[in-house]
Structures are given as C-alpha cells and as structure tokens.
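One structure follows; several queries about it will come next.
So that you can tell them apart, the chains are marked A, B and C in the order they are listed, and the count of residues begins at 1 in each.
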Amino acid sequence: MLGQIAYALPFLAQGFAVTLWVSLLVVVLSLVAGVMMGVGLVYGPAPLRWAVRIFSDTIRGIPILVLIFFVYYGLPAVGIHLESFWAAVLALTLFKTAQVIEYLRGAVGSIPKGQSEAAMAIGLTFRQRLAYVIFPQAFRRFLPPWINGVTDAVKGSALVSLLGITDLMHAINQVIGRTYEAMPLYILGAVIYFVVNYALSLASRRLERRFSFIRE
Amino acid sequence: MSISPPANPALLDISDVSKSFGSVEVLRAVSLQVTRGEVVTVIGPSGSGKTTLLRCVNFLESYDSGSIRIDGKEVGFREMGTHQRRSERDLAKMRAETGMVFQSFNLFPHLTAAGNIMLGLRKVRGKSSTEARAIAEHWLGRVGLAHKADSLPAELSGGQQQRVGIARAVAMEPKILLLDEITSALDPELVGEVLEVVRSLAEDGMTMVMVTHEMAFARDASSRIVFMADGGVSAAGPPAEILGTEIDNERLRSFLARFRASHF
Amino acid sequence: MGYTLNFNLIWRHFDKLWGGLLLSLELAVISIAIGILIGLLLAVWYVSAGRAVRTVIAAYVEFIRNVPLILLVYLVFYGLPTVVDIAYSAQTSFIATLSLYSGAYLVEVFRSGLEAVPRGQLDAGKAIGLTPWQRLVHVRLPTMLRITLPALSNTFLSLFKDTSVASVISVPELTYGAQWINFNTFRIVEVYLVVTAMYLLTGYALLYALRLVERRFRAAH
C-alpha cells in the first residue's frame, strides 16, 4: 500500500503544483479586479456603484460550483472558447473578486470621513488621497481577512477537478482509481490542503494581532 | 473722475451664498468679506450654519447659489452662474490656497507629526524631502513641538495633536486659515496651549476665519465677530460692539445670555 | 454570437430543478440542525474543559475549516466505507459530511458568543443563587444565542450554497438537476440562468426572512 502511494507521489506533486498555480492566478487577478471595483463601489458615481453592488451580490449569492459550470459550459455555447484551465481560473476569479470587493469596502469604509477631508484640505487630488492617506490606513484592515480569504481560493480550486483539470484533487482521484487505496489517499490529500491553508490562516491571525497594536 | 480700486480689496469674498440639505436651508444668502490680515470669528447657536459656511470656503461642501471668491477666484466652480464644478486637479489646487484645522484634529494616524506636515508640502507643493522636513521642523518649533517630530499622533496628547494640525495647515502657506471649533474636542486644561498658537499666528498677520465657543478668546484675538443665526448673518462688528451690552439684537442678546449662563 | 435563448426545454424539465431546490433546502436544514447540536455541545465543553480537550476540539475545527468541502465529501462517501463496515446512501453520507462541516464553523461561532456574555450577567446569576447548570441554561445560552443569531443565519445561507457540492456524488439537488438538463438538452445558458436565479431568489428570500426573525428575537428580549 505504502509502496503504491510512494510510486504515485510525483504525480500528486504535479497535481499540487497545478492547485498552487490556479490559486496564485486567481488570487492575483482577483486582487487587481477587486480593488478597482471596490474603489468604484465606495467612491464611484451611482450607476457604477449599483453595477458593482449587483455584481458582488449576484456572485456571492450562487454556489461556486454553479459559477464554474456556467462559465465552463456556457461560454462555448455563446461562441467564446476558453481552455478548461482558463475557464476555471475565470470562474474562480469572479468568485474571489466579489470577496475582495467586500474586504476593500470594509477596510476603506472603516476610515473616518475626516481623513479624506483633511487630505482634501491640504490640496491632495483623489488619487493622492487614496495613495497616501486612505490605502496606507485601509491596508492594515484589508490584509488579515484577505490572506485568510486566500484559503478560499485554494479550497475552491479543488472544484476545478470536475472539469478534468489535473489538480491535486483530481490527481488523488486518479490514483485511487488505479490503486483503490481511497482512505489513505484522501487523508494524504486532506493533510496537504490543511498544511497550506492552516499556514495561511496562522499568518492572517498573526498579522491581525500585530496590527491591533497600532492605535488609531 | 477716475475710479480707483478699493484700498483694501477683500481676500475672501462670500456673497449671497445659499445651501440646503434636502429641504433644510442651512445657509440663506450669506455675505461676508474678509480682508488680508483680519481675524474673523463666527459665533452662533448650533445649527446656525457656521461650520457649513466654513466648509464651503474650501469646498468640502458645495453651495447651491451665490459665490465664494478667494483673491478674486471662484472657489468651487469654474465660472459663476454656470455652476460647473472645477476638475479634481483644479479643485485640489484651490483647496491648497486655504488651510483648515478640524475639531477632531484629523491627523493622519499612519504618519509621524513631521510626516503629517510634509505630505502636502511634497505632493502638492512639490518640495523635496529635505526641504519639506526643514519646513516641518520649523513649524513644529513654532507650535512648541520640535521634540515630537517623529512621534505618531497616537503618542501625542489632544492639545499636541491639534497643534500639529495647525502646523500642518500653516506650513502650506495658505492665503487664509479656517479654524473649525478647534478646541471643542479638547480637555479644558489643554485649550490654552492651542489658543496660544492661534494668537501668535494672528500677531504674524495670518488671515483667519474661525468658528469657536471661546468667547473670551474671540473678544481678545479677533478683529471682527460675526453672529450667525438660522443660516444667515444676524450681526457683525468689532468684538467690543458685538459682545457689548448696547447691542440692539434680540437674538444675539439671548444667545449671549444663554451662553454666559452655561459657561460661568 | 447569434445565440437565441429558448427556455421551453427548461420548463419541460423544471420538476428536476424544483425537486432539486427542495432537496437542497432539506439538506441544508438537516445539516445545520445537526451542526448546531455539535457546535453547541463542543462550544460549551470547550469553554469549561482543560487543555487536552480544547486541543482536540480545536484540531477538529481547524481541520474541517482548512480542507476543501469536496474532498471531505469524497472522503466520507468513497473513503470511509473502505475502512469501516457500514453502508449508507449518498444522501446520508452528504448530510453527515455537511453536518460535521457546519459543526466546525458553529463551534467557533458559539464559543466566541459564550465568551462575549458579560461577566456581570453571570455574577448576577450567582448572586440570586443559580446553580452552574441553571446559569448556563437560563443566563449564558439565551444571551449567547442572541449575540450569535446573525452569524447563525450567515452559516445557514453558506450551507445552502454548499449543498451544490452534493452533486459530485450524484445527490439530485439543484446543481445536479442543472447538470442533468445541461447534458440532456444542451440549453446550457438557459439552464444556468434559471438555476442562478433560483439560488439567488431562494438565498435572498431566506436572508430577508432570517433578518426578520433576528429583529423579532432582539425585540422580544
């Protein structure tokens, strides 16, 4: 039994690399999209605010799995052909973007209005206010939940196995299909996911504690 | 006969400014001229529109009609009458012409005392870091906080924070300084040190408009006192006249009477 | 793109979606009920227990929170029967998984709720001579429930969405119904539009109802 699993390790490692790659792409892309849309939600004109609100509430209101199937099967039907890998990344990015929007809104919203006003009063432009006054302060509130939320990307990435992408989850199922060692392999998989995500949540908690010492 | 320009043109010219929040009219055709070097104190009951007026001067609040000019330039709008807002960049430039000190200090908590002062100098005035630092240290010295340059706001007392707030505003060399109830959030024993700084700025000839409840200070330091009630200027004149006993203004008299009753 | 929407086939098979939605709700309700039991028991035990017990409970919570749900679903349905000699349906297996899953999240919710009960209330309970058990039942738990109600609602809504993972072991809930129609009619865009609408309408209707209950509850206390 152990021999068979050892034999499968390189294959599982490849799957794990795909899991990390999907997660990394999703985390980076959603950070960019989410911060921009989040700024639109907080500071944008009314139509933009509504659009972002509807986007976020819709995405957060449906299961990730439905989002993944919708993008994967739906896009080709309307003539857009994406490799399954990129369809999966797109779907997970949409899901994470909605999260990032809410983290950003929470972080920026927690900064007193007087900060913007004081920055206006010394003549800073909108971008300068964001860059030098709002974001440096919002960062401390944004970072801990955001890092913790990276675990959602890692966990969510296991769903891409359903599209035939050989991530860690899919690799495990394939090895089980050949070896019938279901329990040891699922436990091994769980341990790998656990180690990655637990490290992330520990980092998030440590940051939170560190930032809490900085008084307002 | 030739028409000569007035000897002392108004630095700040507020004329007929009105503003409503929804159905509540907070400013009703307010007019007020402030000349260079003047210290004008605005008093009045809460809800009389004093703070709103101050916030209109640097366009933290927009106004519905009328005009506010600093040195002849309309503050928030490109052209009078059209009510076309200035661009973000333009507005920022206009705001840099006025300094504002807030009731709740509003220091940037992530920057040191010197950092608070340097931010505008560097990003708005385009000064180098060394130059900005020197100016910041100069002004921190003026407000008696040279030794606190590298302290974060959280490490300063309320009075010290407000003195940094003043230094941050004046370091930008504004044409006019707006002070919005700057001692209201302070413990009584810290009020004096802040007012002392304001007094020394007045002696230097800084043009100031302040909203305050410190009547004794208003009497000593201002060249003129404006009494606002119900969104309009109800009385204006030299301190001795406005705070004196001969004034023929029922509203002002009852305001002062109530004020004295609660403060002495 | 020239894709024309045609919902006829969706309506013809709508019973698959409607039945699926009801099953999704059923799975979520049963799982949160069991999850609340697990969460309450472990949270009460946690706050009064010694270090060893705390470590074990914390390990359970952290393990579940940091592993993908789909893996837990596979593990219980395909993995567990290979080592223990019990047989169960996919549906039972999923309910067990989702209960353990929600239980882990709720332990954390209830634990912080219990710790948020003001000391003064407990002292007042002591002062009028309540036993520890009475203090727990009559003082601590009611206050804790009021504090945790919003988090409880949110957990339930999450679980409702998480039931979609049951489709991977062929439990015929809403997402499974969507896939069935997807593969059998190829009206792909239509079916996911309808299913998205069903998840959204149900989810936000539940949210609205739960907020009403919360307000009632707060007014009543």
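Following the convention adopted for this analysis, contacts are C-beta pairs under 8 Å (C-beta built on N, C-alpha and C of every residue); 3 or more make two chains touch, one makes a residue touch a chain.
Labels paired with UniProt names: A = Glutamine ABC transporter permease; B = Glutamate transport ATP-binding protein GluA; C = Amino acid ABC transporter permease.
Values in this document were obtained by computation on a predicted structure and should not be read as measured data.
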(message) Quick check for you: compute each chain's CA centroid and the global CA centroid, then name the chain with the smallest gap between them.
(response) A
(request) If we define chain centres by averaging CA atoms, which chain lands farthest from subunit A? Would you check? (result) B
(request) Kindly indicate the chain pair that has more C-beta pairs in contact than all others. (result) A-C
(request) Between subunit A and subunit B, tell me the centre distance in angstrom, where each centre is the average of that chain's C-alpha atoms. (result) 46
(message) Averaging over Cα atoms per chain, report the distance between subunit B and subunit C in Å.
(response) 56
(message) Between subunit A and subunit C, what distance separates the C-alpha centroids? Give it in angstrom.
(response) 21
(message) Can you tell me which positions in subunit A touch subunit C when the two form their complex?
(response) 58, 61-66, 69-70, 73-74, 77-79, 151, 154-159, 161-162, 169, 172-173, 176, 180, 182-183, 185-187, 189-190, 193-194, 196-198, 201
(message) Going by the contact rule set out above, which residues of subunit A touch subunit B in the complex?
(response) 112, 114-115, 117-126, 128, 132-133, 136-137, 214-216
(message) Looking at the complex, which residues from subunit C come into contact with subunit A?
(response) 1-3, 62-63, 65-72, 74-75, 78-80, 82-83, 161-165, 167-168, 175, 178-179, 182, 186, 188-189, 192, 195-196, 199-200, 203-204
(request) Please give the residue numbers of subunit B that touch subunit A in the complex, ascending. (result) 58, 60, 88-89, 92-100, 102, 104, 106-110, 119-120, 123-124, 154, 168-169, 172
